[in-house]
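What follows is chain A paired twice: with chain B in the first complex and chain C in the second.
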Partner chain A sequence: MADFLAAYSIQNWLESCPQGYLVGTVYGHRPEEEEPAALLENEILREEAIRTTVQLVVGERCALAASSGLINAAPDEASKRFLATQTLDEARHVEIFTQRLLDLGVPKKDLESTIQHFANPNLVKFAEVLLEKVDKKDFVAGVVGQNIVLEGMAFSVFEMMHAISEPTNPKFAHMLSGTIADERRHVGFGENRIGSLIKQYPERKPDIEKLQKEMSYWMLATFADAFRNNPARAEFKRIEGELGRAGVHAEWQGVDLLTMEPEEMEHLLADTVLKEFKIRLGRIGIEYQTPARP
Partner chain B sequence: MTDPFPQEADPTTSEADTRPRQRFELEDTGFDEVPPRFRKFYRRWRGPGDQLGPNEVICPVCKVVIRSTRELRPGDRVYCMPCMSRLIVVRGEDGRLEARVAY
Partner chain C sequence: MQNKRLSGHPKSAEPGEGRFDLHDLPPEVFYDQVHSFEFWFQAVQGYLSNKVYGVDPNIAPPDLPDLDRDRLITVLCNYCVGETAALEGSSGLIGIAPNRQTKIFLSTQVVDEGRHLEVFLHRLQLLGVADPESEVERRASRSLMLFKRRLLELVNGKDWEAAIFAQNVILESLEFTVFQSHAREADPLTRDLLLGIVKDERRHIGFGENELGRRLQLAPHIRARLGQVKRELDHLVLDTLEETLLELGADSSEREKLGRAYLEAAARLGLGT
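This part shows the complex of A and B:
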């Protein structure tokens, strides 16, 4: 146990993250990278990019509140230190995605009202379920909700967005790749720390299973809103056609995302995330609960 | 630099293979999520079509490919530095090597 917890050090974090993949970056991307002109000059696409980025800001604000709130609930010093590094990671994510809103042309004075306007109410519910556990200083449920459910979802969402952005928007792809690298540590902490704690507190399993089911429902409802009846659907279709004719592909989970209908993408993402939940929770001895489909 | 990660399987176990292990020269694959001296021991997984070598195993927690200078065998212990998971190499149902998390 001592060796396992020893990895959660500030020194490890410094060498891997700020002195590693973030070296030379500005707000998570290379200094010379900018949002593509084709995005900034297309009002439909620009608004859709703002809407998507707002969801990232909302999710990361939740993660920041949860990871910082869990520090004082952690049962050991190493976990407190890890959560301190995670708090800085999440604060960085909030900052870089907020900066992206400014880069997309949102005036600074309108930031909060824009976030309020575009924030998906289902994602807000998802965050509330988690933060209720954090407010009660429930470390086990808080880490499962934050580092397995929230981070597990973010991991797949960011990977999918990265696959689409890599050939079309290197700046955003670069921001996402640094974020994905951070998420690896966060999901690793969630599984490894809870994997050992759940053996100590098996009576917590039913409560945690209920939390996972509830959070999963709000997550699926968020995905449904994002993919179904999207106002930019026709414009996406036109651009995907152009990219396809230019030989551009965005491969993720063995399929080319640029050839898929929005509903197909929603199912692929939802199925990928839920499958991962099931596997991750199963590994630590928690029975996955199938959520209702919105 | 010697490979700091794999601890070989106990040679007295039934899965023990006494053949000499293949050796591999590792090159930096551009993986930058760990300090430079450890980078050659990891690479990004390229998705379902990605073929793993006999010295490679995928971390089930964070989906990074862990690479060794030696052929991996069931019972070996490896460490995933990007997500800080301790893993044990096992033979999967399909006959391929997999890693299981040791909590």
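This part shows the complex of A and C:
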């Protein structure tokens, strides 16, 4: 274990993240990049971008609370130090996505009320299930919930958003690419560290499987709201048509997202995340539990 | 790096350009600025780039006489206890911090404290300590362990003002005082490492004094509570200071001087000496 944890040292983090892929960025993107005028001038798209970004802020606030809360529950110094880097990564994500809300025109005084207004209640439930474990200082369940379920979900969601943003919004795409690089590290730690703990405490498996099933349900309910019940659906369709005619593509998981119906995108995202959960949980000796479909 | 939040402000020059003075900013912009990842990022880039485990890689580990080496190991073990207390304290404080900016500042402090712990453990390895964590447990000062326990009780009790006072004023001032004094006499490798850490501690103390200073202005009754915490912790801190300075070979006048320097930190908040 000591050797694997050496790869997650603060020295490595400093060299790869602040002194690596974040060099030359400001709030996670290149200084000259801005939100596209086509988004800022279209009220439907702007509100939708605010709604989406609020979910990112809510998710990252949960991750910040969880990673900082898990430091005191960690059984060894090296895990504490890795979680220290994760805490600052998550705080950075909170900061850059909050800054994006300001860039999208949310007045500073209205930040909290905007977050309250747009926060998806299913995502809030998802966060509550995880934070309950963290509050109880349950390190094993907390790390599975945080570094495998939450981070695994975020990883795929950000990748999908990145695929759509790359040809249409380079500023947001850059913010996401730095975040994805962070999430990859967090998921890697979760898998590596928890595997040995599960072997040590096999009696914890049923509780953790229940946690995964419950969190997965709230995640799917959040996806359902974002895709099926999206008020900007017609405007998205119109813009996707325009982009398609202009020869723009957004490839992810072998398909062009711009040609898909919202329901198809929802299924693609949900299936990708759940498939990843199954693989990652299998690696640490946890049996994946199929959640109910909302 | 440009700072977006300052764009358009008359003092929007970059830190380091001479005419920029952060303290001239309106309070709201000031707090937003100094409590950000971006501010931390700019600050540490200045003194951590090209360092490996907190030191210039061109500085060779010195050969120390056995007695000096053993004393340095004891001192570093106790620095590890202090940094672990600060790591656990600052991470616990994020959960009870009153707003986003404070949570983000404390997250930068969490990684600073984690880094300090890591570089001290690494220095112990360079001194030939095979299992630094066990060595820390073996050599830990009783007073410092009691201080750590009390600090975490305050954090777990969600006592924001008392916990910030214990951590960002008392503990950080103790570390600042000791590290600065130690750096003056230390071997080149340890000195380089300590000077980088002192720069972080200055930021943490500034945050603590500022946060409590504002709260004391708004709610003066907090002063009595903090005075009580100070009285409770003073003897643990002064005992730790005395033990560490003895290991470092400081004479009695130096020990008295540093004891006073620590007490002055609390006095700056009007909590008396």
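Here is the rule we use: the second predicted complex is superposed on the first by the 294 of 294 C-alpha atoms of A that agree within 3 Å, B and C clash if a C-alpha of one lies under 4 Å from a C-alpha of the other, contacts with A are read in each partner's own complex, and residues count from 1 in each chain.
As a convention for this text, a contact is a pair of C-beta atoms (placed from the backbone, for glycine too) under 8 Å apart; a residue touches a chain by one contact, two chains touch by 3 or more.
Worth saying up front: this structure is predicted, and the values here are computed from it rather than measured.
Chemist: Between chain B and chain C, positioned on chain A by superposition, is the outcome a clash or a fit?
Modeler: On the shared chain A, the partners fit.
Chemist: Which partner chains sit in contact with A:80 here, chain B, chain C, both or neither? Use first/second/both/neither.
Modeler: After superposition on chain A, A:80 lies in contact with chain C alone.
Chemist: Should A:99 be classified as contacting the first partner (chain B), the second (chain C), both, or neither?
Modeler: Touch partner of A:99: chain C, not chain B.
Chemist: Based on the superposed arrangement, let me know which partner A:170 touches: chain B (first), chain C (second), both, or neither?
Modeler: It touches nothing on chain B or chain C.
Chemist: Touch check for A:262: first (chain B), second (chain C), both, or neither?
Modeler: neither
Chemist: Could you look at A:31 and tell me whether it touches chain B, chain C, both or neither (first, second, both, neither)?
Modeler: A:31: touches chain C, not chain B.
Chemist: In the combined three-chain arrangement, what's the angle at chain A toward chain B and chain C (CA centres, steps of 10°)?
Modeler: Superposed on A, the angle at chain A reads 90 degrees.
Chemist: Once superposed, minimum distance in angstrom between C-alpha atoms of chain B and those of chain C?
Modeler: Distance of closest C-alpha approach: 12 Å.
Chemist: Mind sorting out which residues of chain A both chain B and chain C touch, each in its own complex?
Modeler: In chain A, residues 19 are touched by chain B and also by chain C.
Chemist: In the complex formed with chain C, which residues of chain A make contact?
Modeler: 9-11, 13-14, 18-19, 22, 24-27, 31, 64-65, 68-69, 71-72, 76-77, 80-81, 83-85, 87-88, 90-92, 94-95, 98-99
Chemist: Under the definition above, what is the set of chain C residues touching chain A in their complex?
Modeler: The touching residues are 1-4, 36-38, 41, 44-45, 48-49, 52-53, 84, 87-88, 91-92, 94-95, 100, 103-104, 106-108, 110-111, 113-115, 117-118, 121, 133, 152.
Chemist: Quick check: in the complex, which residue numbers of chain B touch chain A?
Modeler: Residues in contact with chain A: 32-35, 47-49, 60-62, 64, 80-86, 101, 103.
Chemist: Show which residues of chain A lie in contact with chain B when the two form their complex.
Modeler: These residues of chain A touch chain B: 4, 7-8, 12, 15-16, 19-21, 181, 183-185, 187-189, 191-192, 195-196, 199, 251-254, 279-280, 283-284.
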